[in-house]
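Following this line, the structures themselves.
Both complexes shown next keep subunit A, but they swap its partner, so subunit B is in the first and subunit C is in the second.
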Partner chain A sequence: MSKWSTLQSRSFLESSARERALGLVDEGTFTEFVGPFDRRTSPHLEVLGEAVEFDDGIVTGVGKVGKTPVFVISQEGRFIGGAVGEVGGAKMVGTLKAAIAFADKIAAEFPNATDEEKPVVVISFETGGVRLHEANAGLLAHAEVMDQFQRARGKVPVITLIGSKVGCFGGMGFVAAATDAIVMSEFGRLGLTGPEVIEQEMGKDEFDSADRALVYRTTGGRHKYVMGDCNAIVDDTIAAFRAEVVKLAKLPVSAFEAMRRIGSEALVAKQLKGVALAAEMQPKDARDVWKHAGNADPIALANVPLDEFRSTVKRLAL
Partner chain B sequence: MKTQKKWDNLATDTAERMAAASQFIGNGKRVEPKDIVGLLEAVIRPGDRVNIEGNNQKQADFLAECLLKVDKSKIHDLHMVQSAVPLAAHLDLFEQGIAKKLDFAFGGPQAGRVAKFIKEGKLELGAIHTYLELFARYFLDLTPKVSLICAFEADREGNLYTGFNTEDTPVIVEATKFRQGIVIAQVNKIVDKLPRVDIPAGWVDAVVESPRPFFVEPLFTRDPALVTNNQILLGMLCLKGIYAEYGVQRINHGIGFLTSAIELMLPTYGEELGLKGKVCTHMILNPHPTMIPAIEEGWVDTIHCFGGELGMEKYVAARPDVFFVGPDGTLRSNRAYAQTAGHYALDMFIGGTLQIDPYGNSSTATANRVAGFGGAPNMGCDPKGRRHVTQSWLKCGQELPSMPEQIGTMPRGKRLVVQGIETFGEGRDPAFVEELDAWQLAKNAGLDLPPVMIYGDDVTHIVTEEGIAYLSRCKDMETRMAAIRAVAGFTPVGINAKPEETRRLRDAKIVMTPEDLGVDRDRATRDMLAAKNIRDLVTWSGGLYEPPARFRNW
Partner chain C sequence: MDTLLGQGRAAIDLICDPETFNENKVGAKSFDDPDFGPGAVVGTAKLDGQTVTVIASDADAFNEKFPVVYAGIIGMEEGYKMAQAVYATLEADKAEAKENKRAIVLVVDTPGNGPGKVEEIFGMNKATGAYQLALAEARLAGHPIIAMVIGRAISGAFLCHGLQADHILSLDSDFGTMIHVMPLTSISRIIKKDMETLEKLAEGNPVFAAGPRFFSRLGGVEEIVTKIEDMHGAVSRHIAEVRDAKKRGTETTGPVGRGSLGAERGGRVVRPEVIKLLESEFAAVASKYLPGAN
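Right after this comes the complex of A and B.
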């Protein structure tokens, strides 16, 4: 494991779940929950004769960013594509519960606590969704996580970070969409059905999963930023993601309502406007939507350095 | 009385054929796409030797598909003499009986069908060659009568611009046209003025603007995101134990992730070892995108290319101090010249393989695929005709204890031929085997010899994650086999290694482990790479590299 200071300049895309968890919070503040030494491995994989991991592919714990207690959930794509099973799912749920309980305790014992002294949850997604080897338990975990989001709402902000190799797909795409704020890098990908599955079901003419430029401009960070599916697009370093967490952690809980994608009648109405626009436009490619949003040259915009993208891009107004 | 002998039979024959084809050929030798099948039926006769241009990169694919549509009763039993048969159409010709015999160098994606057709008797195999070997035979006993070539552009007179992807075109056209043969070109576009003339109109008989641009495979693009820590370890061993040890300056990097890893570590680990200016200064290489960081950091004096590489056009054009760029400002690749330089003038060839046997013979053949050789054997061998001296060539020759057995006290150099391979490859198959699959293939496809990519007596170094076997330092076959066993890990070959024997080899510096070489395994991580993904390469190139869509990660 690299030192905290060297982790900061590291590529977020290249970093393991534990490196991300450690690097996102202040130096030396991370305490892991149910770490590898506890050896909570998946009972289902063992029955199937599959390899297990001592952390079940998810790193959970708590640390600090400035004065803010930060509960961290970080998924590891190199273990079964980051798929969520029973143990990993329980670790996610348990961490969310701990964050909510901690927020309740602070509210009860320290009524004068400032916004930045109240806890937040950060989830670094790297997953294709449910682990098929233990699908029922995995699906249940998805539901339980969503349930905890409802309990956390207005109390503990839940911040999503997406910039790892696998991206965030499948059921976990829904889960990410239900959080309060989403931060991505241009290499991050967010969606429901993964590119290969779309191709398999609908054919190469519908979606060519080998065309990575197509995959990225449909699910990647730049497109999600244009669409408003993510709130911020940052450079590919742990430090850049961390800086965004630092910024968000200071905000009052109420500020997160405006960043959400779902969860109110107004937001439903807004999403429906998007559906109506799609029906009216019949876009053939993400580029059509970029153009509609006011970007005259979408091809160039997809290629310019990220700084230039951020300063010149027009985002879709619904 | 002496009878009048005719000395222009070839030209007369060509003139007859061209007369029959004249109805299809308009101004500037132009033929409409719809008339190509008719044209081919007019100029090709049964049993002709025919070349369809194509290699592991560009393909005259439109002409190949047109040849497939000719009337089989008019054209059949052709003898195809061509670099490669990677397109389905190339093999369909045999399926349909239009072609009968094949002399080639590279099979590519159709390798399985080549083996199957040989077995079924649909394809009579002449020989499997290297590129250079096949080009040589174009000028000896395999000269094509009709060649179907491809170019980027033609002008109104029929001059051709092959540009960045010139590749095999000059050698095919010269062999064909100077034996009075017929040259037909498919071009992407007919224009008023060409950037430069690569093939003069006088050597071209017909030009067609193809309905879509010719196919080019970006075969030499390796995504840095897929380089593994193990490949990085192998790369570090190579840099410290071979590049630095011998000071190799004139190099070809084979295709594969190990050499990509090395390219991406020149500005990092190579810099740390102080190798800049001392190694990799002259290279015979396609425009590998993974070379961009090293080029930008000033490692490389010159690169000559076999072919182009999609997306590298602008970058290469903007670095004329390094690449062979014409007065018009674009690269001219040339496979024949690059292979000649690769055969005679390199100090080292380094590449991967699929299997190595206990003697050090290596092969990429599998039991049911006739994959061919491409160019690797010409670079992965010790060229016996070489006479000029470079320091690393001489050093490797001086090391060789077996040399006096062959030429007494006479000093001589030797090319470094390095095979880098993980002991267990893709699909967890062992890389070191008791018998190469090439033997089984020879049996299955009825070949005269098992196809060996690089023979054991040419290999000087084998590099695995266990360490380096310096075969150049082995005095006899027994020592070579012991050195190979020592780095073969837990493969069927490696498990026969004896610890005390390996110890002796390590003491004699015939085998060097990472620890012997002072390479820290813990540092073999992706942090060593100067670029970690395609986007990084674009950034290094200042936006000049334009990767094909399928390689983008943004």
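Right after this comes the complex of A and C.
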């Protein structure tokens, strides 16, 4: 494992789940929960004669950013594509439960605690959703995570980071959408139905999954930023993602409601304006929507350096 | 009638008091546009005389605007329409005491969420997520939510429409009900294990097998209903059970309750151990993370 200081300049895209977890919080503050030494491996993979990981492909723990306790969930795409099974799902749920209970404890015992002393949850997604080897348990875990998110509302902000190789798809695509704030890099991808699955279901004419540019402009960070589906788009380093976490960690929990995309009747009404626009436009390509949002040359905009993109892009107003 | 597959509307009449279903009306909200989310059926009915919100899928509907929506698929409009029905239910009973909030009955027969390019460009993930958060909010606010699986409860669509309920009931597989992420044949192909091995393993380990009985052993289904005519009574009984359980908090029903049930039934025994271990490991260091600690 690299030193904390060298982790900072590392590519987020290339980093392992543990490197991301360690590098996102302050140096030396991370305590891992149910880590590799606990050897909580998947019994279901074992029965199938498959290789197991001692952390089941997910790193969970708590660290600090300044004065803020930061609960971290970090998924490892290099182990079965970051897919969620019984153990990994329980680690996610357990971490969320611990964060909520900790927020309740601080509210009860430290009435003068400042906003920055109250916990946040950070989830670094890298997953295609349910692990098929233990599909039913993985599915049930997704429902539990969604339930914990609703329980966390108004108590603990949940921050999503997406910039890893596998992206964030399948059930975890809506799990991420249900969090308070979403930070992506331009290499991050977020969606429900992965490109291969759309092609398989709808045909190559609808979606050619081998067309990487098409895949990125449909689900990638820049597109999600135009759509308002992520709150910030950052450079591909651990330091850049960390800087966003530092910024968000100081905010009062109430400030996060305004960052959400879904989770209230008013937000559903707002999203329905987007759906009406989709029906009216019938876009053949994400670029059509970029144009509609006021970006005259979407092809150029997709290729300019990220700084320039951030300063010139027009985001879709709903 | 030996199956209700694709017959969500008929099922509403069998589950609720006959001919009480008032479609497109939930509390003060009316859904007046017949072309809006036609794959989602929402409305209000009576069940043993009590007002309930009903949310189902229409397998015969086709959404002209979003052609991926047919055969009971939940598309973007459908997901948001279902969410609106839940928010309208919350609004209708907001002045009611927790124990008097009306039940929500989910009639489950859906093969999937809308897969498509437009869906990905605009974010199908938000529509299904929005509906799930609305259901979780209603459940935590006291509304008993019962899902009755009458047909297909497949993967993400079951997460969307079913798995946030307090209790889940399913007609037995004789009636053609399907609960799974993928059929075993597809899983076999993807994880490269032959069917014979998987079928044999599924007998002892329900974790990847398809069908309501396997889900029941995992705690994912509270009760299997073995006769169509028993659905009405079973849903009514579960509404009462859930109301009673909610007096003791929010931890014994819904996804958390099904976690406990999975351990009790022996299908998911690792989950609670991992959560417990995690909690004890955090408790050992928690003081370091409290305000004022160094």
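As a convention for this text, the second predicted complex is superposed on the first by the 318 of 318 C-alpha atoms of A that agree within 3 Å, B and C clash if a C-alpha of one lies under 4 Å from a C-alpha of the other, contacts with A are read in each partner's own complex, and residues count from 1 in each chain.
In this section, contacts are C-beta pairs under 8 Å (C-beta built on N, C-alpha and C of every residue); 3 or more make two chains touch, one makes a residue touch a chain.
Every value quoted in this text rests on a predicted model; they were computed, and no experiment measured them.
Of the two partner chains, subunit B is the only one touched by A:10; subunit C is not. In the superposition on chain A, A:51 makes contact with neither subunit B nor subunit C.
Of the two partner chains placed by the overlay, neither subunit B nor subunit C lies in contact with A:107. In the superposed model, A:216 lies in contact with subunit B only, and not with subunit C.
In the superposition on chain A, A:302 makes contact with subunit B only, while subunit C stays out of contact range.
In the superposed model, A:186 lies in contact with subunit B only, and not with subunit C.
With both complexes superposed, C is the one of subunit B and subunit C in contact with more subunit A residues. No residue of subunit A lies at the contact with subunit B in one complex and also at the contact with subunit C in the other. Across the complex, subunit C is touched by residues 31, 33-34, 38, 40, 42-44, 47-48, 50, 60, 62, 64, 67, 69, 86-87, 89-91, 93-95, 97-98, 102, 105-106, 110, 113-114, 117, 119, 129-130, 132-144, 146-147, 149-151, 170-171, 173-178, 190-193, 197-198, 201-202, 206-207, 218-219, 223, 227, 229, 261-265, 267-268, 271-272, 274-275, 277-279, 282-286, 289 of subunit A. Taken together, the subunit B residues at the contact with subunit A in this complex read 225, 526-527, 532-533, 535, 538-539, 543, 549-554.
Note for the complex: subunit A touches subunit B at residues 2, 10-11, 13-14, 165, 186-187, 210-214, 216, 220-222, 302-303, 305.
The touching residues of subunit C, counted against subunit A in their complex, run 65-66, 68, 76-77, 80, 83-84, 87, 91, 113, 115-130, 132-134, 136-137, 140, 155-156, 158-160, 163-164, 180-182, 187, 190-191, 193, 201, 205-209, 214-215, 218-220, 250, 254-256, 258-259, 262, 268, 270-275, 277-279, 281-282, 285-286, 288-292.
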